[in-house]
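Okay, here's the structure, questions in a sec.
Chain IDs A, B, C and D follow the sequence of writing; residue 1 opens each chain.
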Amino acid sequence: MALSNPDHLVTSSDPDHPANLIPSLCAKFWSLGWVTGTGGGCSIRDDDLVYIAPSGVQKELLKSSDIYVLSLAAQTSPARTYLRSPPSLKPSQCTPLFLAAFTRRRASCCIHTHSQWAVLVTLLLEANKSSVFEINNIEQIKAFPRPGAANLGFHDTLRIPVIENTPHEEDLTEFLEEAMDKFPDTCAVLVRRHGVYVWGDSVHKAKTQCESLDYLFQLAVEMHKLGISWISDIPRTAPDRS
Amino acid sequence: MALSNPDHLVTSSDPDHPANLIPSLCAKFWSLGWVTGTGGGCSIRDDDLVYIAPSGVQKELLKSSDIYVLSLAAQTSPARTYLRSPPSLKPSQCTPLFLAAFTRRRASCCIHTHSQWAVLVTLLLEANKSSVFEINNIEQIKAFPRPGAANLGFHDTLRIPVIENTPHEEDLTEFLEEAMDKFPDTCAVLVRRHGVYVWGDSVHKAKTQCESLDYLFQLAVEMHKLGISWISDIPRTAPDRS
Amino acid sequence: MALSNPDHLVTSSDPDHPANLIPSLCAKFWSLGWVTGTGGGCSIRDDDLVYIAPSGVQKELLKSSDIYVLSLAAQTSPARTYLRSPPSLKPSQCTPLFLAAFTRRRASCCIHTHSQWAVLVTLLLEANKSSVFEINNIEQIKAFPRPGAANLGFHDTLRIPVIENTPHEEDLTEFLEEAMDKFPDTCAVLVRRHGVYVWGDSVHKAKTQCESLDYLFQLAVEMHKLGISWISDIPRTAPDRS
Amino acid sequence: MALSNPDHLVTSSDPDHPANLIPSLCAKFWSLGWVTGTGGGCSIRDDDLVYIAPSGVQKELLKSSDIYVLSLAAQTSPARTYLRSPPSLKPSQCTPLFLAAFTRRRASCCIHTHSQWAVLVTLLLEANKSSVFEINNIEQIKAFPRPGAANLGFHDTLRIPVIENTPHEEDLTEFLEEAMDKFPDTCAVLVRRHGVYVWGDSVHKAKTQCESLDYLFQLAVEMHKLGISWISDIPRTAPDRS
């Protein structure tokens, strides 16, 4: 029945329904310069159901009826099947990367941006042959989780791995998964000369972590222009109580 | 009859009608800084009918009733005739350039911006006596078409020709056409110290290509400030499947 | 009677009435960063009536009922009298400067911004002990009038005088008037370390010239960062037909 | 009764009620990049009642029902009690810092931003081992109060103290209070690598002073990039009449 009339999967009067949230988030992301020219994307998981913005659409014009839906459990086979496919659109090439965040991290939302600040950070790191973005002693770092209950502290170092870009977005999946394994605490992976993938346990967390990361990327580029190092050695003024 | 009551040509309740789309696009372009101070413009072709924003108007305040309409087929003679001319406005000086994109490339939409990023890129190229903007190994390059079915790949080089500015915008036409002939794959031409013309097979393509180009122009200026080259030599990690 | 019930002077359902236009313009200027922190201002003249935004208000929240009205003809005496004074507000200190544009240039609208681009241009000029901003060979220059009918051409040099700031805004008036006399063609005067005054024959012209100037100020700052001169020597490619 | 049904404390149809003003201000602050990723905050005092945005919320989505309310007089004990606590939210860690502005300065509103311009200014000062931001001879300085009736003059020097960041935001309180004592005229305190606290006698003053400060921080960063000193020696052209 769902297959014969799958539009009910994306029809809701609740503004917090994934099929409504993805368009409102994408419009916001477009204004922030994160999904320029149909680039980037967003996916939300609600239990077993995965909602994904399609490929190649103007993100600020996205509608609920444009959303793809698939079952996370049914994605073990190589061929991907959708519970709902909007007519005359194409599935997002980010799909396997979103699924990696949902299966490996039990994330509920994953955001992919082409933010220029993310791209510029990967270019600055490339000049140093580095594959990890590191920054410490900036208040906004406290927005990020660390293993255990509490978030990172002000003096802690935030580390975001960088993977090399591939000609085909799907081919990034294995490298993204490798980075997830190597950096078990990270909530994001930078893609060199491309952008960033950010996920979280909820839409709220994915979105606010993505904002905080973009803030840090922009700050890092400006710090570089001003000759200020991303890593500094500031004595801890108080024991960490968290 | 059309001539005696031509307002029907720009009257529609369909938000996707060219006479409604041009104002909504221009308002968006104004917010992006592309059409500041009445600069820049936009035209849409629907089969033989060409819709054009007028000269000298505040683009964020444009109304459907301000739109000029002409027939593409009837433009062979030197004197231009309009199916509809709004009273007390002037035709856009970009008109012959828009028509070049429609006749030479069968484009359906052409956008002209004065984006500062476009102007700065032409100034940086001028310092190198260069007339071609070239960039490679940036994900956003994949937004651009290449001869044949598929778009450019990540490792491909996007090339956008630059023509010199002329005192009168109409005089750019022959140089724009020359650049179109010399760069048969390009969807855009930069104008030195002036801006850029971008076209596409649909309004969607022209708009998203214009956005992606502006993204690359901005990125290129920032890369230049950070001492990072626009062209890099990154080994191809996988055969191109497209 | 006007004096006993002067609110009719600012009450109109016409969105183009000066008392409605000033608030909508100021909200736009606030978004552009031109009137941050109650700085800057705007005035419109309709024949003998002059409408002015008050001092010290949040410009994006301005209402029609906040607008001062005075008679241009009645301002010859040293003491200024208002046809309408909103209760519990203060008149703008820019008033005599707006009046200078209306009396000396017969302008219909005058805009004063604290745009950072304007301030930065005056600082860069100060380092060269210069009191004139000059730029040529940029398309946007064609937005500015020159003596006679036509606007400046692409190869012409736009010149905007800079006056030194004074501790009290009213004291700028004589220097503004001097600059108007010395640069009879200018539609704007920069104020060192302060901002810019821009006027025009209509609200449309003042607003679009202010936008075009701000575009050029921003471009000039970016050009300076990139080591590109504001004045260049490009051979004229065609006789000027305008 | 207030305790049994405290929602009336945040329910009002008046857009200027603190429980309505905080959400509308926070949405504006989000657009300005001041409260990215749930960072920053805002509090308003109405006589003895203090209204505070909660911790960890997306500031552009804040609702009146999310607001905490407490009594200023009842905060002398170490344990803080709230007249109203929204269910499933956490109190802001900025609370003791807001209260410091209300008790020590009789402020009516306090704003805390993570603005990148504020952070960059503290980083530039750190490189000079400086703990005071100083700037003079910029018009926007006149937005700030000085002891006695009038505001700072154009030639006066605005001084904003910088305190070092602490791992826990509450621990900033004693240092903020120290800075308030040492700089009795200041309406703001910068926090190194973190942001800024700004207060005022009214919501209007706190908001417009915060805007003017952010304007000066951004201008100062740009001036630094252009090699222009924040402090200059310009002869006073006129006696100060204020």
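Points worth noting:
To be clear about the criterion, a residue touches a chain if its C-beta (ideal position, glycine included) is under 8 Å from a C-beta of that chain, and two chains touch if they have at least 3 such contacts.
The UniProt protein names, listed by chain, are A, B, C, D = Methylthioribulose-1-phosphate dehydratase.
Since the model is a prediction, treat every value here as computed from it, not as a measurement.
Where touching is counted per the definition, chain C and chain D have no chain in common. Between chain A and chain B, two chains of identical sequence, the interface residue sets overlap only in part, with shared numbers making up under half of the total. Between chain A and chain C the centroid-to-centroid distance comes to 44 Å (mean Cα coordinates, whole Å).
If you average the CA atoms of chain B and of chain C, the two centres end up 31 Å from each other.
The multi-chain contact residues of chain C, meaning those touching 2 or more other chains, are 225.
Listed by label, the pairs of touching chains are A-B, A-D, B-C, C-D. Touching chain C in their complex are the following residues of chain D: 137-140, 143, 153-155, 204, 207-209, 211-212, 214-215, 218-219, 222-223, 225-228, 236-238, 240-242.
Every residue of chain C that touches chain D in the complex is listed here, in rising order: 33, 36-39, 58, 114, 116, 119-120, 123-124, 127, 164-168, 171, 191, 193-195, 221, 224-225.
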